[in-house]
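Per-chain numbering from 1; labels A, B, C and D assigned in written order.
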Amino acid sequence: MSNGSKIDILTRVEGHGSVELVRDGGRVVDACLHLSESPRLFEALLVGRRFDEIPDIACRICSICSTVHKVSALQAVEKALAVNISRQTGLLRELAVQGGQIESHALHIFCLALPDYLGVNGIQGLVAHEPEKLRMGLKIKKLGNLIQETIGGRAIHPFNLLVGGVGKVPGADQLLHLKDQLEELRDEVTASIAYVSGLNDILPPLSMHPACAVSGGPPLFGNRLVTSTETIAVNSAAAWLDEQVEAHTYAKVSRFGGKIPFLVGPLARLTLAMPAAYAHYFTDTSIRSAMKARVIELHLAVERAQVLVDLLLNDGLKREQPVVAIVAQGEGTSVMEAPRGVLLHSYRFDDRGVCCAADIITPTSINQGAIAVSLKELIVVMDGAEYEQIRTVAEMLVRCYDPCISCAVH
Amino acid sequence: MKKMRVAIAGLTACSGCQLALLNCEDELPELFEKFAFHFFPMACSPALLEGEYDAALVEGCLSMPHEKELLLELRKRSVHLIALGTCAVWGGVAALRNGEDREWLRQQVYGHNPVASETFEPLPLHRVVKVDAAVTGCPPEKEELLRLLAGLTRGALPVGIDYPVCTECRMRENLCLLTERDMFCLGLLTLGGCGARCPSLGVPCEGCRGPVPEANLAEALEIYSEKGFGRITVLDRLRRFCPEWKL
Amino acid sequence: MAPQYIASHNLAALLDRLRRYGELHGPVRGDDEVVRFAAIAPGTLPDLSALRTLLPPKKYLLHPQETILNYTAAAGYQMPAEEVRPLILFGVHPCDLAGINYLDRVFLGDAPDPLYAARRSALTLIGISCTPDEFCSCHISPSPLNALTDLSLQSLADGYAISSGSPRGDELLEGVKEILEERDIAVPEDTRRFFGQVAAEPLRQELDATLPDWQTLADACLGCGACSICCPTCYCFDVLEFGGLDGRSAVRLRQWDNCLLKCHAEVAGGMSFQKNRAERFRYRYRHKFRGFGPLQGIPSCVGCGRCRVVCPAGLDLRPLAERLDEGRHEQ
Amino acid sequence: MNNNVPFPAVVSAIRPLTVETSLITLDTDPHHPVAASFLPGQFLELSLPGVGEFPVSYCGFPSVDGSIELCIRHVGHVTTPLQTAAPGDGVGVRGPFGHGFPLSAYSGLDLLLIAGGLGMAPLRSLLLALLKQRGLCGRLTLLYGARETGALLFLDELLEMQKRGVIELQLTVDRPGYCLNGPPDCRVAMLPDLMDQLDVDPGRTCAAICGPPVVYPLLVSGLRLLGLTDNRIHLSLERRMKCGVGRCGHCAVGTRLCCADGPVFSLAELAGTEGAIV
């Protein structure tokens, strides 16, 4: 076999990327990750736009995470302009974000990743071999979308979430419908924890990366980053994440102390704050356990959504006009948890409320360093295995990180 | 019946149009039974461009040389090439600052490191290949995608829409946000088909479906300016989704 | 029969009794201040102060979009089995009643449209008098259209004169008689007087294409269609068919269309018989004020004023109509 | 008869006539008026399930066996998928609609038929009808023009009629095209030019025209020059149609409706109607 490398397009991930396996004779000696998404230059696009346009544009970074991008951007804008939202708006947003979490995790688990565990080639394989599991997954996914749509007006690029509030407050009947749907699917979601954690793992355990997550607010929300050793306040988060441009990737790179790649996302969130009830599912917390973390988070999200719906219903839904922002110079940063991990939006506005600087840091760009390291380790662990086998496992490994490359290269 | 061979590809975009299809949860199993998605990297492995396609659905605009190659390849192999979503049809959000120095924009993000220096000003698909049909929207409506696919199985392409968002907004008997509330609603100039999604919830149309045919920009500008929105503001807004709006 | 009287404070009781005859709808003011024909919730009163609803009652007879046929490979095309329930429209103004009369002439003509016919026969109309505002033109020119009702209410100082206009109305009156009073009342001249009158002279058929007005109107028109959507007598429709994914089923829809849209007269290949908006405006004018086919010569503008109210550009065909009608003698 | 619901019919044959035109034969209930009782110039609404419906002229003659001939140009949303229809495919038909050519008015007179392009379809129906009742009128002359020789429809049939001496035929094309064995005596000229060399007796001649709208003004002035009066000139108009029964509001010609009052009008009826002949 010739020397050289072969690039395979990554499939069943969001966005465009590839894994390059470098061969020397018959052996695979190296593996590299390429994020080949076309940059849209969002940070540059946003400059010059009025504050109320920022969330509408920024959510177009990514469809799967559009709700959380929108909410992040709203939070950053509101911070910059000192807008205080009502409790109802906060709860509604939180519910929408949980809806996004449910949709994204269900999509990943039941449509994109499950085929790896069942040895089929994608949704078409599931339709042929596991139609019932697929249908169940789709039901859960649909629920996530229903939540996002109920609050945001649309499952993708929700438009009903505005600076200072929401356009139309959903009706009690709509929330009661959500309540029923959540109740109806709760058992299935619980059952899927057992199903997913019982799936046969093909991946070897690999070294763990230091974890980082948002903390200090309701689930997925907060005002600081935490690692096992540090706490970073939101205003220093961007500096701490210290994104660097590197020649080999369109996505900027963050490393611990400039050197060590780290992990964000479901597994990082759970390792940093493991609910005791779920601890027994984790025999190891290397990246191959990410599927389990995701299904557990799916469960947590459904539970949290139920709580939120009840809170809203108990409070009684009120017609509210969005809080009017007073245009002023200002700067605001928001950190929160997207399905794939830490998401930061930061904006500066001039005295006309026009954006003069934007910074967006996304989970997959943070994770790309960890993915690259894991890939290299995998090659060592699997040394001697067939090229095809390595290829399959390498792709599966990347999928464990559920990369969202549109976000990473935005 | 023989399955139709369909390719679904994404160029410079957010994957939202593809996700809109994957969001057809109720119909998804049936879709995968009716269609052979031979090239659909987002949902199927492996992603190999092989043989011919009855249709290629392409999301996103073009901003990189490799995308041009992929698009030309898809055009060559497909009976119908369909532009999926606002980016593919009009340019979309990525084309927001078209007309400005691309290299300067790139440097705002990547500094002097020459990363992604091959990027060029985002183009809608029709600027490079012949497009047989278009489904606009950011994202498109699920219903439109399903109708498109159902039509393709019968050899039919979708019938174009020629009315603005206002038409559907009025049919839904909504309060007019522009005339009654002086809000900055772009429904007058924007292609309909979304059922006036946004104004129906009291949120002004942001123009996500691109220009309606025969848009009367001159008169609209008059009306907007009466409401306090100047020409530059209006054009800036319109260009959020379609860079080709001109005075 | 002499008009009967119902006191204002008995209105709620009247509505409750009417509910026994069908679903009761009337003008209702929404949270957003828009007045629409909608179900009158028990215990509430309709908004009788509003001069016009946003959409006219035609929405009940021709839905903005509706399925007219279902197709299955096994059964072919079939009309949808729509269950039409009795509907009572309360508080309909004379212009809207005349509008329904026009639609009746179009859809209940030689070969009645089955959907329309079914809904129409389930519809009970309860009219109410009103006072025109500056947008109305019902009181300006005579119209051969009739403002027919089953029951009609005439506002008086502290109540309404109520009278029947049909056997169904008689039945309703009978059913509510315990809350009616026999009173000797002088009914003020009502605003219906211009309906049901034939113009003395026929209208000139031809429209001068060179009038600058067409271009002036076209230049300001945004093509949004608000005018015809909100018009009580605009009924142009488009027909769309969508196949199911299964390959064996389909639905055929009809949807309100609008002669100011680009496609309205376009034929295959892109050729259009109304190429530009000025020509389309003339088409609209011709339809509104001259009538097509069997309704040629019957102007269908009932003067409700909605098109002027809703047009974002403030366009108005009335002054043109008045000018062109003055020319009728020159024919 | 309920003309709102398409009546089932089956494609029994589909024969390509040119690259973009086919002769489609449908099979339906022989007793249904859509097949049994129509006049040349009338039309029906043809439904392709799951795609849509469109108006199309009858191209044949009423049959006793329930077959309907249609000549269809595959140009748009519904007509294009129809090109790949196969015998046995189910379709729907509604009709007959509109007013056809006034056959009785032709009694005893000479008839001049002028067809442009696809306009041959309804005129073929008229020709077949007139040939069935050969004694009805006198001379039958057909002027027929198409874009190029390859686009001339029903050429074999027409040449055959010419050979049998039942019609006088004059053909023209806009450009010669690539057809090596073009029809004999085919001119390269615009359709109205054929009228230069006509010898007709205006006092006893009626004209029936169907063609693309652009040729109508020239044809009409040509016929008037020949001395024909407006009430003896009949033309079939085309407008966008959605229902066929005078309701959808798309097909008005002046204040008349093309579907219900036409599509065949006499020029006299259209006098002064703006936009009728464009």
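Simple rule for what comes next: a contact is a pair of C-beta atoms (placed from the backbone, for glycine too) under 8 Å apart; a residue touches a chain by one contact, two chains touch by 3 or more.
Treat the numbers as computed from the prediction; the structure is a model and nothing was measured.
Colleague: B-C versus B-D: which interface comes out with more C-beta contact pairs?
Modeller: More contacting C-beta pairs are found at B-C.
Colleague: Compute the distance, rounded to whole Å, between the mean C-alpha positions of chain B and chain C.
Modeller: 37
Colleague: Per the centroid of Cα atoms for each chain, what is the distance between chain B and chain D, given in Å?
Modeller: 42
Colleague: If you average the Cα atoms of chain A and of chain B to get two centres, how far apart are those centres in Å?
Modeller: Roughly 24 Å, centre to centre.
Colleague: For chain A and chain D, let me know how many angstrom lie between their CA-based centres, rounded off.
Modeller: Distance between chain centres, rounded to whole Å: 63 Å.
Colleague: Hey, what residues on chain C touch two or more of the other chains?
Modeller: 240, 242-244, 247, 263
Colleague: For chain B, what residues touch not just one other chain but two or more?
Modeller: In chain B, 150-151, 154, 156, 159, 202 touch at least two other chains.
Colleague: Hey, what residues on chain A touch two or more of the other chains?
Modeller: none
Colleague: Report the complete set of touching chain pairs.
Modeller: Every touching chain pair, ordered by label, is A-B, B-C, B-D, C-D.
Colleague: For the complex, which residues does chain A have touching chain B?
Modeller: Residues of chain A touching chain B: 8-16, 36, 38-45, 47-49, 53, 56-57, 60-64, 66, 107, 111-112, 115, 121-124, 127, 131, 134-135, 138-139, 141-142, 145, 153-157, 159-160, 162, 167-168, 245-247, 249-250, 395, 406.
Colleague: So in the complex, the part of chain C that touches chain B is made up of which residues?
Modeller: Result: residues 30, 32-34, 36, 54-55, 59, 64-65, 219-226, 229-230, 240, 242-247, 256, 258, 261-263, 277, 310, 312-313 of chain C touch chain B.
Colleague: Mind listing the chain B positions that touch chain D in their complex?
Modeller: 150-151, 154-157, 159
Colleague: List the residues on chain D that touch chain B in their complex, please.
Modeller: Within the complex, chain D touches chain B at residues 48, 50-52, 77-78, 80-81, 84.
Colleague: Chain C touches which residues of chain D in the complex?
Modeller: Of all residues in chain D, those touching chain C are 2-6, 8, 47, 49-53, 73, 75-76, 79, 90, 92, 213, 238-240, 242-243, 245-250, 252, 254-257, 260-261, 272, 274-275, 278.
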